[in-house]
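Dropping the structures in below, format is structure tokens.
Paired with chain B in one complex and with chain C in the other, chain A is shared by the two complexes that follow.
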Partner chain A sequence: MSISVGLNCPACGGAIQVADGEQVVNCEYCGSMLYLEGDGGVNTIAFKMKVDRGAARAVSEEWFRKDWKARDLRKEAKVLEIYPIYLPFWSIKMRVIGWICGYDERTYSDSKGHTRTERIPKEEMVLNDYQYSEIACDPGDLGIKRLRNFLGESEFEDFGNIPTYEATTSKDEAMKRIGEEALNDARGEAHVQHVTFERVHVLPRALSMIYYPIWVVRYGYREKMYIYTVDGVSGEIISGRAPGDPLFQSLAITAGTTIGGLIAAGSLYLMAASETMDPTITLIGLAAGAIITFGAYMFFRHGSEIIEGDFTDKKYGLGGLDEMGVVSDLLKGRIDLGGRI
Partner chain B sequence: MKVVQVRCPNCSQPIYSKIKDIVFFCENCKVLHIRGGETKVIDYEIADFNKTITAEKKYMPFWRVWCNFTINESRVSGGTFRKMAQFMRGGGNSGSLFVFVPASEMDVATFKQLAMDLTMSPPRYSTRLDFGGLQRLPTKITNGEAENVSDFVFVTIQADKPGILQDLDYDLVCQEARMVYLPFVVTESGPRPAW
Partner chain C sequence: MATFNCPKCGAPVEFDVKDRLVRCRYCSSEIFIDKSGAGFYYVLPFAIDETTIIGTFRRWAGGSTKAKDLDKYAHIVSVKKSFFPVYLFKRDVDGSEQVFVEPAASTTLPGLHSLKVPGGDMVVYDKNFDAKGVDMVKPDIDMASYLDKLPGRAKEQALVYFPIYVLDYAFAEKNWRTVISATSGEVFSGDFPRRSSSAYMMVAIVGFLAFLTEGFLAAVDPLLALALIGITVLVVFGASYFVARRM
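This part shows the complex of A and B:
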């Protein structure tokens, strides 16, 4: 991921490129060392709007058709308002360096049911670079919290005539939040189950304020208003809300409860029929049945609106389960099914 | 935000360079400075290179950080903190040492190796006033960051094999950081000292 902006050498006027977060640049024409003095150490960069109004409107054609949205959405949706804005984002590069020590525990069972726990010492070196972004204002109902694209033509603070949201979060707040996020990511990558010693430093490497252009499109469907936003550089949908389809909801709850029930019942039947079957398989079957049934219920409950982007109320289907951490916890083995995952 | 031409804080001459470096060396008055909030002149040493080595040599920057440490308790499996014994005073649990922090970009293995080798066996060299026409690698770590990285190097020395470190209760106070340029011959197996 890199952003570069064009500027001119103050010594010779030659055109030079500066990468995002860099403070020092060499002029390739006169060899001068140049230094970027940002406001409070922050470089401000604005991406150029590359998508016009027509393209922002047209992108909905494909988006309305995708996923489980109402089947007549393309025909019935009426665009009420479409306008461009610049949103401010903090872009921060962090280096996390240090050591995390501790131990992992492995539990083994033999055929007689005896369990043995082995403690495996671990010392993990952490030396990672991360890049994060977070929105620097209250985005309201736009459903955008992070930058998704870091490629495009950019300039220093040139917004044209497009309105701009003012940054409302401070540099220090953003650094603190993102520093904690980097630390947590580094801890996660170290994979030390029980930490006995931790000495980790988070070093901010570069900080930029990036103004990113987006199109906001508000549209109506059967007397309700919805919204979607379009990336002003790549032309892709960033976030949006759209009506779901009652038929899909009905099919989901019917199929989900049927399949989930069959899996759960099947696993119970197998356990009853076979004396030698490992009870863990039954527990996994019950859990899988419950997850499928619950996912179908969540889709039925919340599928009347299809949500894409960083909205806090996005919770339907298995995506909703994952938002709540159920699926990811199961995959990572945090939910213990019989103590053997 | 503005772009400025870097000038020496001592003689005001513009600084020219082909490398992108966060520290600026004035060829005119030999002053090294760093920017970031404020302009600060930094102490440095340039180690003289061994002229009998004919292979291509490059100067690598290191932050040499003077640190005082006290180890209150160390718990390891299969090892001890014996490596720090040479730096401890009078058989006690505290001491001082120069921590060498590689300041240029390099892979993790080389970084660890150089930091540990130079910290455990500080180099002895005669100094010179310029780089003698040798290429120098750009600095990527600031003096402020070097203090945190010193802490990392300190634990690295403790945590490296054969010990499986489980706990380390220590205090490390970094006093001052000086830039040291050391000449190396860059080989396929890694940098080889050339002083």
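This part shows the complex of A and C:
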């Protein structure tokens, strides 16, 4: 068996022109309409590189100064290598449609300390269109997992000499993950606290492969090698690593313990001072103080490297909490804050 | 670039790894490449040179979980290049495409057990590919042994070689080894000398408790509390700066 199959029009024998992802083509010689069977393939487009090498380098000027990076980074950093690559992304449009019913609960307390819980029934229609993207290969240490925008100007695959990463993940698995994400997003937007009934469908509307241009910039700082990546369409920095500064680490923990400690003290004091106070307010105050201190601690502990983008080793900030599952648990309502926050 | 002969006119046709449809430049017929019945050999070329890899290692070694000064005092004993093989299978399982990555060679290298095909500009591995003397690790597991076990129908199967640097270093009289991907600079670390969090935690806990107590004291004697808070701010700042720099 040969691995290459020449394609001819079955009606006239002329050579036919077909692109990946097409299902129906017309023979350009005899005009027959032909339906293609078999491995469907995916529509593929590439976005035009709009940013030049100089601009990819120049964005670092501002980026080096921002967000608690080493104070002497601008002076000490030496850009050593700048090269463009094309990364493959699955781009998927989803429509979520259906109904979510349930109720919200609201608690009121009056001046005498009586509490009353009210149920508000809800009936929400869901009709949302989403567009998501997911990288179609292993991003390694580039810190990019999804596209920041879909605004590129498309051109038919013409990569010139730019290295193009191969797509190695499955489109159907990407579709499944994104379908679940769309469902979760639609549930979130419906704002129903307690769901009693749900009938929601996720309809995939379009799938395509986008090759997106990216500049990879490697720079050195005191014998260490760091990286940042620049969006080849918008010219913005997508992800990057940079050295931190011990001064900012210690400022963070000083401010964090001060604010956290005083908030906690204040909430304890309020409880001691007034007898009618609801003790949950004190608990919330204590928790807020502890969370602020903990957030500051994480930056103090791990802020020696400033990490932006979809890296897995980021341990501070909201991204770091997300890694630990706290934020996603909170968002999914798995941690109950008494329905008050 | 890799080539095959056009099934229509016999002329050589160039194709790339991602191509499924190519056009013959001589007779302009469209040719479909059916990858289901053959095993392909692909290779990701080296994209990062040795100096950059050593710099990347130093950056990684300076990370917050690594032993203090690992970046400065890790003595690099050797840096070796090699190509490491994995199998990549694309299968049609009940109408949906699934990707399987399986080991092709048994290894004791750290971090290579989490199997994946690193992203990169894949090319067909044939006689035109110049490995430049870099060692290609021989697969010791046969592709056929997986084909029977995997679910679904074959769509594509390939042996993919990806480039790695194996770095041996010595630190505190012990030898360590780490593997770094030569496509993206990702560090596939095994074990490494670790840093303790206890000094950091100590500063945070003592600071928090001190401010908590002083906040309470403010209700009794605001002036004294304010003075104490001022002193504690300075102490916490000094202690944390020392810890961040030296511990």
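In this section, the second predicted complex is superposed on the first by the 243 of 341 C-alpha atoms of A that agree within 3 Å, B and C clash if a C-alpha of one lies under 4 Å from a C-alpha of the other, contacts with A are read in each partner's own complex, and residues count from 1 in each chain.
One rule holds in what follows: contacts are C-beta pairs under 8 Å (C-beta built on N, C-alpha and C of every residue); 3 or more make two chains touch, one makes a residue touch a chain.
These numbers were taken from a predicted model, which means no experiment stands behind them.
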item	value
First, second, both or neither for A:304, with chain B first and chain C second	second
Contacts of A:79 with chain B and chain C, given as first, second, both or neither	neither
Which of chain B and chain C A:55 touches, first, second, both or neither	neither
Touching partner for A:171 - first (chain B), second (chain C), both, neither	second
Chain B versus chain C as contact partner of A:10, first or second or both or neither	first
Partner chain in contact with A:197 - chain B first, chain C second, else both or neither	first
Partner chain(s) touched by A:249 [first = chain B, second = chain C, both, neither]	second
First (chain B), second (chain C), both or neither touched by A:97	first
Broader residue contact with chain A after superposition on the shared chain, chain B or chain C	C
Shared chain A surface residues [contacts with chain B and with chain C]	7-8, 39, 41
Parts of chain B lying in touch with chain A, wherever the complex brings them together	1-6, 14-22, 24, 35-37, 77, 108, 111-112, 145, 148-149, 151-152, 155-156, 159, 163-168
Complex contact set, residues of chain C against chain A	4-8, 13, 17-18, 20-21, 23-24, 27-35, 37-38, 42, 47, 52, 54-56, 58-59, 62-65, 71, 88, 90, 96-99, 116-122, 155, 181, 183-187, 197, 200-201, 203-204, 207-216, 218-219, 229, 232-233, 236-237, 240-241, 243-245
Residue ranges of chain A in contact with chain C within the complex	1-8, 15-20, 39, 41, 80-81, 85, 87, 135, 137-142, 163-173, 218, 220, 223-227, 241, 243, 246-247, 249-251, 253-254, 256-258, 260-262, 264-266, 268-269, 273, 289-290, 293-294, 296-297, 300-305, 313, 315
Touching residues (chain side chain A, partner chain B) in the complex	7-11, 22-26, 30-39, 41-44, 97-99, 101-103, 121-123, 125, 127, 156-157, 196-197, 199, 201, 203
